[in-house]
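Quick one: the structure is below, questions incoming.
All chains are identified by letter, namely A, B, C and D, in their written order; residue positions are counted from 1 within each chain.
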Amino acid sequence: MRIALINEVSSRDKNPLVLEALKATGNEIFNVGCTADEGALTYIQTGLMAGIALNTGAADFVVGGCGTGQGFLMSAMQYPGVFCGLIQDSLDAWLFSQINGGNCISLALNKGFGWAGDVNLKYIFEKLFLDPPGRGYPLHRAESQQASRNLLAGISRDTHRDFIDILSRVDRATLETVMNYKPFKEFIDSYGKA
Amino acid sequence: MRIALINEVSSRDKNPLVLEALKATGNEIFNVGCTADEGALTYIQTGLMAGIALNTGAADFVVGGCGTGQGFLMSAMQYPGVFCGLIQDSLDAWLFSQINGGNCISLALNKGFGWAGDVNLKYIFEKLFLDPPGRGYPLHRAESQQASRNLLAGISRDTHRDFIDILSRVDRATLETVMNYKPFKEFIDSYGKA
Amino acid sequence: MRIALINEVSSRDKNPLVLEALKATGNEIFNVGCTADEGALTYIQTGLMAGIALNTGAADFVVGGCGTGQGFLMSAMQYPGVFCGLIQDSLDAWLFSQINGGNCISLALNKGFGWAGDVNLKYIFEKLFLDPPGRGYPLHRAESQQASRNLLAGISRDTHRDFIDILSRVDRATLETVMNYKPFKEFIDSYGKA
Amino acid sequence: MRIALINEVSSRDKNPLVLEALKATGNEIFNVGCTADEGALTYIQTGLMAGIALNTGAADFVVGGCGTGQGFLMSAMQYPGVFCGLIQDSLDAWLFSQINGGNCISLALNKGFGWAGDVNLKYIFEKLFLDPPGRGYPLHRAESQQASRNLLAGISRDTHRDFIDILSRVDRATLETVMNYKPFKEFIDSYGKA
């Protein structure tokens, strides 16, 4: 699985910690947003990046976040086919994978992030990718949860414009910043399907 | 301010607790989703209800939720003009109001909901509506956060179809269930602008 | 390692969940407090049981708790040689084992205990017993943390009466209830050193 | 009410934040441990300070803490008449005041302490001192909780040596450091009863 890590500016000092924790999962990790030293991307920009990464198929899963996680979450959720949860601990992570089976998570990287925040990140990813997604919890609700996920996927297509149409309408400056951000551009060029 | 409370089925036993906590805020509360005894609405349905309530102007603010809060969050966020945060405690609530100034929150009403969960709800609403929304936190980032909120509002319009178009495309069964749900229908009839 | 599980009455319905999660650690588990169906022990009584279990050497580690965890914690900490932390998630658990290396934990079994509370318990024990206790965190403070643990052990002896003396002074009714509680009595008879 | 704030070294940078939040409660606050710039007190030392402050009557309430809160908690709980809870949010605070009615709290000042940690402290103290302590929660258990608090107070006397005896036995270096720490010494000299 290709996982894109896309940090925004206010919590970019946490990027190395998220990256290290993600690498421990054994997946292919692409660090294409802000790093500790570089990048001044806002969550508006990283949310669009999540939309592009998932809609082009460049990424199978996106990990983002911001100070509280709410900004990136709402920004990424503007795009079709993005199903993003706000994940603060390992229990959130496992439940989100089992109930919602989404393809994106948003982390709170300033609020509540103190000592051993890096350890918490390791625990989050450990449980996020532990069990096959979408098995349901509690198990007797598995079927109705599956039905809800399917309906949600359809609704996401129905309520959003086509992604090409979106790219033609979305704020120019935001799109240009995103597509000129070298690590991201190279990632999409290499793995995205036009 | 008119606040619509829209509970889904799996946590409907918590509806009276959320309702009581909301009433203590002094706002006009409309309890239009599941109640403790009635309604079998899924988060797919309550998410559409949030979209309709906000896009028709019937509600100024929507309070929803589900077992973990992630399902209603992702469902409500499918619609234009809905800016929903996942709120688990009073600090989340205050920060969301100050940084994001959204118009919708999703509550975790089964996960982590035990003794004094009702007290936690009271604390959440107390801080959610304490200070004028959107003042920024930390304060030196107020301006850039305001800019992000404005951009997000524009992007929400650009990425979604028009709301009328959405209603014509969205899953029929879901829309019919929602519009035949009496408390909700009456609320929209009374307060929604066509 | 012999672990004594000692539940009090207000959260005794959670006993089977704690027991199952503890058994998964591979240690020897002795369920000697309230069970889902039996026992009306208060945290005053279970705290004394923790003191006896650890001071007789019957248990190497005690797991207790109450509605919020604070009551059992304060009760168990009345006795010499008991070093009890309040543990609410897996990060608490790991940090407590690494920094404090205690021999007792108190769980919040009503407050915040909802959906998947059993999963949270599994995560807690998984990390509590993952690494050798007392290695220190952050690592550069390992030495000073070791010094603090040694000092604390000495202070515990200096501030408390001898355990035999304590048993002769402590509230009669509490001691009798505890020593007449069959599962506990049998446990102490089998494993405690006089 | 006289509240002693007693910070240890690893989280002393948070002292100004705790102090400010405490002052907002309207109580008399005595900042007698580490400050942001001064003091290298360990939790072993601050725990003893809590014991002295409460046993001499210099303080009615002690606020301490450490990186995770567990160290100060276990250290302060070594002394008779100290009833200390671990408090991480405003719900913990209110429940501890209502159920346990203790005279000491320990704060986690590095773990989970990030953005708006200062706001969280304000919320904690707001609820800790909101309602008269010891009213019970849930209310139908008020009487049994009152009984438990009374028993606990008696047990604390029974299990510990007399405080004068403790001072004569406790680690010399620890006691000397504490009694030579000027802000603390002045506080005890002014308000402690011999």
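One rule holds for everything that comes next: a residue touches a chain if its C-beta (ideal position, glycine included) is under 8 Å from a C-beta of that chain, and two chains touch if they have at least 3 such contacts.
Remember, it's a predicted structure, so these values are computed and weren't measured experimentally.
Chemist: Which pair wins on C-beta contacts, B-C or B-D?
Modeler: Pair with the higher count of C-beta contacts: B-D.
Chemist: Rounded to the nearest 5 degrees, what angle rotates chain A onto chain B on CA?
Modeler: 180
Chemist: Using the average of all C-alpha atoms in each chain as its centre, how far is it in Å between chain A and chain B?
Modeler: That pair's centroid distance is 22 Å.
Chemist: Measuring from the mean C-alpha position of chain B to the mean C-alpha position of chain D, what distance in angstrom results?
Modeler: Computed value for the inter-centroid distance: 39 Å.
Chemist: Indicate the residues of chain A shared as contacts by at least two other chains.
Modeler: 67-68, 91, 95, 111, 115-116
Chemist: What does chain C use to touch chain A in their complex?
Modeler: Interface residues on chain C, with respect to chain A: 89-91, 94-95, 115-116, 119-120, 123, 127, 137-138.
Chemist: Of all residues in chain C, which touch chain B in the complex?
Modeler: Answer in residue numbers: 67-68, 110-117.
Chemist: In their complex, what parts of chain C are in touch with chain D?
Modeler: 10, 42-44, 47-48, 51, 67-71, 73-75, 77-80, 83-86, 88, 91-92, 95-96, 99-100, 102, 111, 141, 144, 148, 151-152, 154-156, 158-161, 166, 169-171, 174
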